[in-house]
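Here come two complexes built around subunit A, the first alongside subunit B, the second alongside subunit C.
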Partner chain A sequence: MKKLKRNAVPYLYIAPTVILMAVLLVLPIFNVIRYSFYDNAFVKKNPSPVGWLNYQKVLADPVFWQSVRETTFFVIVSIVGHILIALIFAHLLNTTMFKQRTKTLARIVYILPWIFTATVISVMWKLIFQPAGVMNYLLGFIGLATKNTEWFSNKDIALYVVTYINLWSGYPFYMISVLAGLQGISPDLYESSAIDGATSFKSFLYITLPQLKPILLSLVMLDFVWTLKTFAIVWTLTAGGPMHATEIISLYIYRTAFMENHYSLASAAAVFLLIVCMIVAVFYTRQQFKIQED
Partner chain B sequence: MATITLKNISKVFESTGKKKSEENTRTLAVSDFNLEIKDKEFVVLVGPSGCGKSTTLRMIAGLEEISSGELYIDDVLVNDIEPKDRDIAMVFQNYALYPHMTVYDNIAYPLKLHKVPKAEIQERVMEAARILDIEQYLKRKPKALSGGQRQRVAIGRAIVRNPKVLLMDEPLSNLDAKLRNQMRAEIIALRSKINTTFVYVTHDQTEAMTLGDRIVIMKDGFIQQAASPQDAFDHPANIFVAGFIGAPSMNFFPGKLLRQGDVYCVQVEDLIVQLPEEKCARLAGKDVQPQDITVGVRPSHINVDTGVENELTGTINVSEMMGTEVHLHVKSSGNDVVIIVPVIGSYASYEKYLRQDEVVKFSFTGEACHVFDSEGKNLEF
Partner chain C sequence: MKKTMKRVLALVMIMALIMGVVACGSKKEEAKNEDITLTFQQWFADECPEGLFQEICDGFTAETGIKIELYNAPNAETKTTLLSGAANGTIADIVGTDGKWVSDLVDGGALTPLDDLFKEGNVDTSVFSDMWKYNGSTYAMPMVTFSYPLAVNTDILAEVGIDPESIKTRSDFLAACKAVTDAGYLAYGWNATTSNPAGLDHIFLNSFWASGGKLRDDAGLFHIADNDDFKETAVYFKELVDNGYIAPGYMTAIEADITSKFGSGDLAFCNPSISMLSIWASDSPNLHFTVIPMPVKDGYTGTTYADYACWGVGISDHCEHKAEAMKFIEYMFSAEANAKLAQGKGCFPGSTVSDPDYSETSENFQKAFTIWKAATPRAEWNAAIEASALRTGVLENVLLFVNGEIDVDTMAANCQAVCDEVYN
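Our next item is the complex of A and B:
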């Protein structure tokens, strides 16, 4: 009895977390998968199983494929942009060229986008990009825009603008992470590299990048998952329009489920998203294990 | 394979106060440093922490800007030349190995940067690995190596491209005592295998004495003496050098310099000893007058219980049995005196020196005396 009690203690400690995760994480995922195999769950009182029908419908929907293409663009450009901006800004903040006071000021300015919520960011950029806004006024000087340029209503450029705003709102986290990584690299390595004959660029290539590799890999994977499920900022900017031009996959799922009330179709689309996220999560976990082993 | 000339080199570190109320501070790290290092010479910069030795080395490497003065490598002014263009190599105190590269890649890195063909890189890395006996570790990452092995890799990386100058910044200070002795011997052996000019920084006077052709003793940014190890030991320029070089440190007694014609004597308490002819001639040549002095005598040059007239006396505070000798820490007229007594003969002959509070009598000869004036300068110089 005593032994049983002792064995139970650790499980009791982790029980609250396990229960919370089961209720908040496992159960909803399980339900989404279940709904995807039913005939319009939620709406019908007694939905009947339909096998793979919902998946076939989703795969046959041209808007879904358009959404996949837009999501791919949105995710890849966001990741590459975030990492590049993070590397450049973190280097600027880490350089010895500027005084500490300047760097502290720059750090505050650089981090500003991160403290705004998605709605504030949307309102702000909507004002900037509105036809009579600052952006058209400024770009008008170099002939790139006129008073009538519509940024969010033009289906050919709306996605670019939304991606740009997502880049702007998300980079501070990546910048701070890269900065922490940079500060963890021993200055001796750069001195040694300089004496060994390296230019600044070669030191970046052979010392900085390999040293930042674990952190960059983690950031890429996190960014992939986070960008893939971005919703609020795009929804508040364009609500997926015009003509689905900015309807990334999370908006597609939302529209299908909550505006068209096709919960089962939305569940099937969500399962696709889940599978992609799971694959990345497996890579992420394996990579984290590898870092720990190293 | 290069000469190095340092002309009036100074280094000032300026730091600005963080708050407006704080003043900017200027720290003089190296002051008016003049030194000519000959081709293939092994020069050791030695001194206590903060004396400017590492800063001087880093200025030679190009890692630290020179505030004033001129630095020449092979008669070329290199003040404004980047480290990569100075054809130097450096071994760092904490090795500074690239953790993401294997031992092979670490050693090959400088050659790769200098665009040496792959076949030649392989050949030269293997040669360096053979010299340093690290061939079996080439595929390992630095973290899988011991401190001594890492140090060898760092040295390998430095010697692989036959630099004009090899700089070493306290390379042995992270190793344990036994490994340090072993690596010291290996650096001496290495020197005979590679033809290059060495500049070595250490705070350990034993390393300085055993490695250097010439040692440069520094304090507070100033050179105190630049001489061969034996010369610095036998003829220290001032009290600082006398106390820094040699272990245990030299003993200092307040005393008097007496003169009769060209004959000089020193007096410590009642003990009067005559200086040897050679020293007297040097003092007489400078017409040194009788004065209050500090007399320096090395622990191994103090004799115990010799029965000479007016011997000094003291009581043993601590005695350390070292095997072949006993180090006595003796309290004598307010001075702490260290005396080395050789262990010869039967236990009974030295047993008394192992007893605390035992009274010992000691003296020294004129040959053993170093005489310093009130400012600490050696009167013979």
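Our next item is the complex of A and C:
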């Protein structure tokens, strides 16, 4: 009995967390999966099971596939852009060519986008990109825009503009993470490569990148999941418009559920998103274990 | 004599006894009412001047003893709150609703049919300016309404030498837009974002309805494919777009974008909710504007219809005191309570017996009321099945047409298909 009590102690310690996670995480996920197999659950008084019908309907919806294409573009460009910008800016902040004061100032400026909330970012860029805004005024000097040039309302370019704003608002986290990684690389490695006559580019290719690889892999996977779930910025900028041109998957789910009241269809679409996120999460966890083993 | 006195005394005592019993009965009924608390889920209280809506509800409590507990949520969240409340049995007794939500709320078990309650409570239904019916039963009524007249910046119009009152037809309006655009101003604001298709109702269909257009027949079915009025309205809007008379950015603009542009004096025309008229009057003292009826198609002399938004009210299916809830609805449509709400909020009454005193309001508000009274209300999405999805589908096709991606017949056929998919 005593032994049993002693063995139970660790489980009692983690019990509050397990209960909280079960109620706040597992139960809602289970409910969403359950709704996806019902005939408009949540809206109908007595919903009935419909098997895979909601999944078939979602897969047959051309707007869903348009949304998948847009999400793919949005996620890939955001990840590549975030990592590239992070590498460049982190190198600038890590260089010995500038004084410490200059670097501190630059660090504050570079990190600013991360401090703003999604709403502030949206309002600011909406003002910049509105037809009578600063962007058209400046581009007007070189004949690239007029006061009637539309950015968010032009369905051919709206996704590019929204992706650019997402890049701008998200890079500081990745920059700080890469900077921390750069500062962890031993200067001895660079010194010995310099003695061996390696150029800066070769040092970057054969020292910096391999040393940063575990961090970069983790960042790519985190960015993938975070960008896939992006909602606030796009919703406040364009609400998915014009004509679904910026309706990434999270907005598709929101619109289907809360504006059209098709909660079961939205649940089915959300399950697809869950599966993709789960796959990436498995890779992320494996990567973390591998880093710990190394 | 003594005998007579005894008889009189006995009679008085019997009378006193009867009176006592009657009084006890009335007290008992009052005591019963005092035990009842009706909950009311709505977004109205937050949008009224502070305390106004609660004060109106308190008037009902003072009259009947029945307490009203207000559950407030923003308009955007109310529908979901009601549907989830109906699903898990926590829905309020009385329900604030938009006309466009009625079918969804009925299907979700959030609204109860009112016709039997009208009969049981001897309710005078002539006080309701409109009754929203779904599958033949009445489920809700608009308590107050908000119209969307055409607001005109009089400074801009004066600069281009046009009298706003002279704009009667679509041709007049196109000419005014041309003059305004030629003078370097933005002409007309259209919030055509599909994420909130209010711009379909309050601008596009407002123009369509003003000229007698009708989307649905008496059975509630949609007829768009061969609807010449609808096609004409679409062609008119394409002309506005093609000529640059619609302010840029309309494909993603929301109502606030348009009203703020008009408020800052950058826009010549827009269709604001009448609640904006008081806001501009107090917040934009340099803005000089007037309101006029929506221009109608050339040569049209028939009845003019006016689009409106509203705050509707119904009773939840889960309500345990439906008769008392009906009493509250009757009270809200009484002359005094309804007028107080309309005056306080700055909107129009939903009760036919209500006669609000707008003498303290701005000249433009009074003019908007005159325009409203001269027209017949029309908002055909009320109680339509899946109204939100239908409106989005119709607006998408209208936008495809005005952007030149499909022709007018394809647009009308697509809009019909959107409605048929839901109604078949």
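Criterion: the second predicted complex is superposed on the first by the 294 of 294 C-alpha atoms of A that agree within 3 Å, B and C clash if a C-alpha of one lies under 4 Å from a C-alpha of the other, contacts with A are read in each partner's own complex, and residues count from 1 in each chain.
Criterion: a contact is a pair of C-beta atoms (placed from the backbone, for glycine too) under 8 Å apart; a residue touches a chain by one contact, two chains touch by 3 or more.
As the structure is a prediction and not an experimental result, all values here were calculated from the model.
Q: Can A:93 be said to touch subunit B (first), subunit C (second), both, or neither?
A: neither
Q: Is A:234 contacted by the first partner subunit B, the second partner subunit C, both or neither?
A: neither
Q: With the two complexes superposed on chain A, say which partner A:219 touches: subunit B (first), subunit C (second), both, or neither.
A: A:219 contacts neither subunit B nor subunit C.
Q: Check the contacts made with subunit A and report whether subunit B or subunit C touches more of its residues.
A: Larger number of subunit A residues touched: C.
Q: Kindly classify A:261 by the partners it touches after superposition: subunit B alone (first), subunit C alone (second), both, or neither?
A: After superposing on A, A:261 lies in contact with subunit C but is clear of subunit B.
Q: Touching A:42 in the superposition: subunit B (first), subunit C (second), both, neither?
A: second
Q: Indicate the residue numbers of subunit A shared between its subunit B interface and its subunit C interface, in ascending order.
A: Residues common to the subunit A contacts of subunit C and of subunit B do not exist here, since the sets are disjoint.
Q: Contact residues on subunit C for subunit A in the complex?
A: Residues 79-80, 83-84, 86-87, 104, 107-109, 193-196, 244, 247-254, 266, 386, 388-389, 392, 396, 399-400.
Q: Report the residues of subunit B in contact with subunit A in the complex, numbered from low to high.
A: Residues in contact with subunit A: 16, 18, 61-63, 82-84, 88-90, 92, 94, 96, 98-101, 109-110, 113-114, 157.
Q: In the complex of these two chains, what residues of subunit A are touching subunit C?
A: 42-45, 130-132, 147-150, 152-155, 158, 238-244, 255, 258-262
Q: Hey, which residues of subunit A end up touching subunit B in the complex?
A: Touch residues, subunit A against subunit B: 99-100, 186, 188-189, 191-199, 202, 206-207, 210-211, 213.
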